[in-house]
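Chain naming follows the written order as A, B, C, D and E, and within any one chain the residues start at number 1.
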Amino acid sequence: MFHLILFLFFGAICVAGAVNLLVQSHPINSALSLIAVMASLAAEYLLLGAEFVAAVQVIVYAGAIMVLFVITIMLLNAGKEERTKGSRVAILIGVPGVLIGGVLVAWTLLYRSNTQAVPIGALKGDPHDIARLLFHDFLLPFEVTSVLILIAIMGAVVLASRPEAVARGPRKDAE
Amino acid sequence: MSITTFVIISIIKSVAVLGVLLTAVAYSVWLERKVSAHIQNRWGPTRVGPFGLLQPVADGVKFIFKEDLTQPHVYKPIFIAAPIIALVFAITSISVIPFGNWVDIGPWGTYLQITDLNIGLLVVLGITSMGVYGVALAGWSSNNKYSLLGGLRASAQMVSYEVSLGLSLVGVLIITGSLSLRDIVDAQRHLHWNIFLQPVAFFIYLISAYAETNRTPFDLPEAESELVAGYHTEYSAMKFAMFFMAEYANMVTVACLATLLFFGGWLGPVFGPPILQMILPVLWFCLKVFFFMFLYIWVRWTLPRFRYDQLMAFGWKVLLPLAVANIVVTALIVAWRA
Amino acid sequence: MTQFPATAAEPGQNRTGEDRTLVLNMGPQHPSTHGVLRLVLEIDGETIVRLKPEIGFLHTGIEKTCEAKFYQQVVPLTDRIDYLCPLTNNLAYCLAVEKLLGLEIPPKAQWMRVLMNELTRINSHLVWLGTHAMDLGAMTVFLYCFREREDVLRFFEMVSGQRMMTSYFRIGGLALEPPLGFFEKVKKFADRFPGNVDEYEGLLTGNPIFMMRTKGIARLSAEDAIALGAGGPTLRGSGVDIDLRRDAPYTGYENFKFKVPVRTEGDVFARYLCRVEELRESIGMVQQALAGMPEGPIKADAPKVVLPDREKMKTQMEALIYHFKIVTEGFAVPAGEVYQAIESPRGEMGYYIVSDGTAKPYRVHMRGPSFANLQALAKMCEGGLIADVVAAIGSIDIVLGDVDR
Amino acid sequence: MIPLFYYLLLSGILFVCGVLGFLIKRNIITIFMSIELMLNGVNLSFVAFAAQWHALSGQVFVFFVMVVAAAEAAVGLAIIIAVYRTRETLNVDRVNLLKL
Amino acid sequence: MPLDPPITDIEVLKPHPALARLLEWNVSVVQAAKFDRDELTIWIEKEAIREVCAILRDSADCPFNYLCDLTCVDWYPSEPRFEVVYHLLSIPHKERVRLKARVDGSSPAIESVTSVWPSANFYEREVFDLFGVRFTGHPNLERIMMPDDWEGHPLRKDYPVEGYR
């Protein structure tokens, strides 16, 4: 019961944040609501017993990725979103389509809701076990992603630095 | 233990820890003023109470009664939210810090800790990493160029140094094999303090922690000689006080963490009657934390500050490789021993 | 900081293409502009693209005021120009008028002038050192410096009754005899002071962070320094060996032995070292002045120009008449013009006085060393970072009263 | 005991919100954030299924998703900055030409 | 110490390096010279001032490479009303010389020496601000001390002490 209340509480924050992200016109507000979504998702993970995932969610998602977003918004001084007409097709067909799809999925889930309830903390997301899995069974994907992120870092540096700075090489101090 | 007792004890513990933390914050401000004064041939606060001991109260009253300015050009919701965010995250991170061992109070016994998570260290890191938002948003929402530069600097600095801070702790984790702060302390019994096993990691941690808490020589986000007051240029009264408290609360947290991870936490000689045995560990813990606070203040009033690019270069080109090397060496030794 | 929608902010607003720059207004109220200086910075990220000093916030029209005063009434005005070295200003003015008059100053007055002038240099350099270090984040040095500065100000108070606006040097000599016990106190200070300088240097000179912040920062080559009219330690830090105390001695500086510290690097650290070395040389000169202080009168023997002693005025008719005449109608100065330059702590301080033969100066112009040094700032900073601007401002040691006059 | 489909429902809602944001938002940064929202929704179902089937590999997958998201954010935001530098706008409808 | 009478005979003053260099270059630019109280003053044709400065700066045996000061004196009501005064210093030889150029009051203007010494920039702006003498060829001739919308030039002798009201 207690857990259900907690679930509902954080679930409500999640949904509210997600909706707020859509409604707000200023990107910084959207970013903040996304942070709220992520933080409450971390709480949901805790409820599911995935402690480590929850911590990483906060550190990586809320603490690093979203900081990048916020810095970008600050750096570009992004103002209020201007409402251009844009591609009508996306809105006219996409939005109802998505809504219908969402309703369908929900209906299916509710209709075939014979899945068991998830026992809280039944599966401890213990760092020890996760490490064993990550460094034994999933070693290759792990290494591949590490290469991926290295490439991403290099790509980001090249993309974001100015063209002439790249051509010139690192800035030399006087002499 | 029934759920009611649990809730009651938890609430009592939370309130007690919050009270202790806020007092510690207030008195670290007093300590800073006093120590800096003595470093600089001054007296520091002397008027309010004996040795100026009531100065924090006077400061608090002053902050409350100051006019709370909200400039017309600020982005109001975030301008108000930013100091709250900074303070809340700064205070929350103390929740998993253990102050001492098991204590028995009458029929009940408890750990001197609000909650013991087996990923306690990660929680502290996670929560402190959220503290960036307070600073960044304050800088952005003030709609002031100095604030913006301060906010950008702060967020870049904190994100960068978080990397080396996190990596410096990995060595300790490899040795201990646990993320729980209590386990880490327990592993340091018999003077096997991590400072002896992981000296490099300790210094990386110390330096990164200075940068994380924006203290001299890394206080660039609020470098008053360049950016007036950085991200809190436009803040006044209680909103400013919140940033101020957040800074000192972060200092306390970081000092606690240093004590727990490298200096054996509450471990120390314990003797005497039971009541003394209960108090002594807390005393050792407090003394060690006090030492780190003093170190903070000492460094601040001795060193000049870095330049921004030098700071970033130092973080990425010196601390990060050092931390990685430390991890590799530690891992190799541990593997060789095993 | 958006208080001044000046035209200067306009050119930076070109938000087209690659060079999007931001105009940052540093000052007039900013902790590290050392007064009411406004710097319009055009920055690209944190790099300075253009720097433009805007001055005049302290302009009080002293040059105009001088034209309406008697010669002796100008002395207190000169204190207010460079408020960190009031005695240097007094000295420059008095020397200029004495040159116009052709007055001979007795030796004791000259030696006292050197003594007080060097104490003023110490005072000024201490303020510079403290604020410069504080700009770079080292706050403790500031209070150490002000501790010693307090002693120096006490000496000023002893001789003149004022801590800052001393007006101690008068045309033809000094205002008063130094009080009893003055020399002993100065001696004690002079013996102690080198140890204090070691203390400051201990906090800064070898400090790696301080070196990182100052070495190679805000470079100024010797050619640029000369072309931009920089003076004093700013010039000597760039390797130009000039010191007017040695090269064009005035008020008896030829009797003193001192080294002129010169560094060739031309960066902030070189200027810092020059000034710290000057602190040591100055205290050496103070000691020489104390050791060789001659006896004798402190005022020139020129009753028409120099106010008589109080006692004489009350006992001798002639003295009373001269006193009355000097105070009410001043003294006529032969027509002509002089330019008297002396070495102030900041560089060449020149007083250009034109006399038309009456009791009031026809034109007084002060060549402020800070005014000249400020021009070099843009050259030093462009291409550097914002944080370097702070170091550069500190290193040229400007006083806005001297810039704006 | 919370039924699994509660989690799945929540995850679905988040995902749909992400898609909607992707469709209706015009600010390129917000669109990017919508993608992150979708990823988060998916992560939740991963963790929920992991708990359901007592298989930790679901949680491990979340890590990979996070790593990919981090890489994507780094590169994506760098692209956004580069685009903003040449186009002076963050509106996707004005960034529809390959050439300036 | 009685004052020596000023020497105004150019022939006597010839040995001074600055005057010697100028006479050697072009006799006609030197209007007059005066040696008074150990200081040499040379009056220069105002049209030639920039060239004279350049010549003196680059003079081989005694380069006057440092511009100490640049200011102006208002001799209202006599004409030519203004005297622009340049104080030069030779850093290697520690020699000083004062150059003067007379500018008449109707529309005072003189050539700028910023191309010779960049340091003249502020000084010329100051003279422009306070005396209203224009410097042709100055890169940024605007008010420096007074506000941009100030009326009049305060250091002129006909400027009322209390300002225009």
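Following the convention adopted for this analysis, a contact is a pair of C-beta atoms (placed from the backbone, for glycine too) under 8 Å apart; a residue touches a chain by one contact, two chains touch by 3 or more.
Note that the structure is predicted; figures quoted are calculated from it, not measured.
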{"item": "Chain whose Cα centroid lies at the greatest distance from that of subunit A", "value": "E"}
{"item": "Longest centre-to-centre distance from subunit B, chain (CA-based)", "value": "E"}
{"item": "Centre-to-centre distance between subunit E and subunit C (centres being mean Cα positions), rounded to whole Å", "value": "24"}
{"item": "Separation of mean Cα positions, subunit E and subunit A [Å, integer]", "value": "71"}
{"item": "Whole-Å gap separating subunit B and subunit E, where each centre is the average of the chain's CA atoms", "value": "64"}
{"item": "Centroid distance [mean C-alpha coordinates] between subunit D and subunit A, Å", "value": "5"}
{"item": "Per-residue overlap in subunit D, given as positions that touch at least 2 other chains", "value": "85"}
{"item": "Per-residue multi-chain contacts in subunit A, two or more chains", "value": "52, 56, 64, 68, 73, 75, 162"}
{"item": "Residues of subunit C touching at least two other chains", "value": "18"}
{"item": "Touch list for subunit D against partner subunit A, complex", "value": "1-10, 12-21, 23-27, 29-30, 32-34, 36-37, 40, 43-44, 47-48, 50-52, 54, 56-57, 59-60, 62-64, 66-75, 77-82, 84-85, 90-94"}
{"item": "Contact footprint of subunit E on subunit C as seen in their complex", "value": "7, 55-56, 59, 61, 63-64, 68, 99-104, 226-229, 240, 242, 247-248, 334, 336-339, 341, 348, 350, 352, 354, 362-363, 365, 367, 371-372, 374-375, 404"}
{"item": "In the complex with subunit D, residue positions of subunit A that touch it", "value": "3-4, 7, 11, 14-15, 18-19, 21-22, 27, 30-31, 34, 37-38, 41, 44-45, 47-50, 52-53, 56-57, 60-61, 64-65, 68-69, 72-73, 75-76, 78, 81-87, 90-91, 94-95, 98-99, 101-102, 105-106, 109-110, 113, 115-120, 122-123, 125, 129-130, 133-134, 137-138, 141, 145-146, 148-149, 151-153, 155-160, 162"}
{"item": "Complex contacts: residues of subunit B adjacent to subunit A", "value": "75, 77-78, 117-119, 122-123, 125-127, 129-130, 132-133, 136-137, 139-140, 148, 151-152, 155-156, 159, 162, 166, 179"}
{"item": "In the complex with subunit C, residue positions of subunit E that touch it", "value": "1-3, 6, 36-39, 41, 65-69, 71, 73-74, 85, 87, 89, 91, 94, 96, 98, 117-122, 126, 130, 143-148, 154-155, 159, 161"}
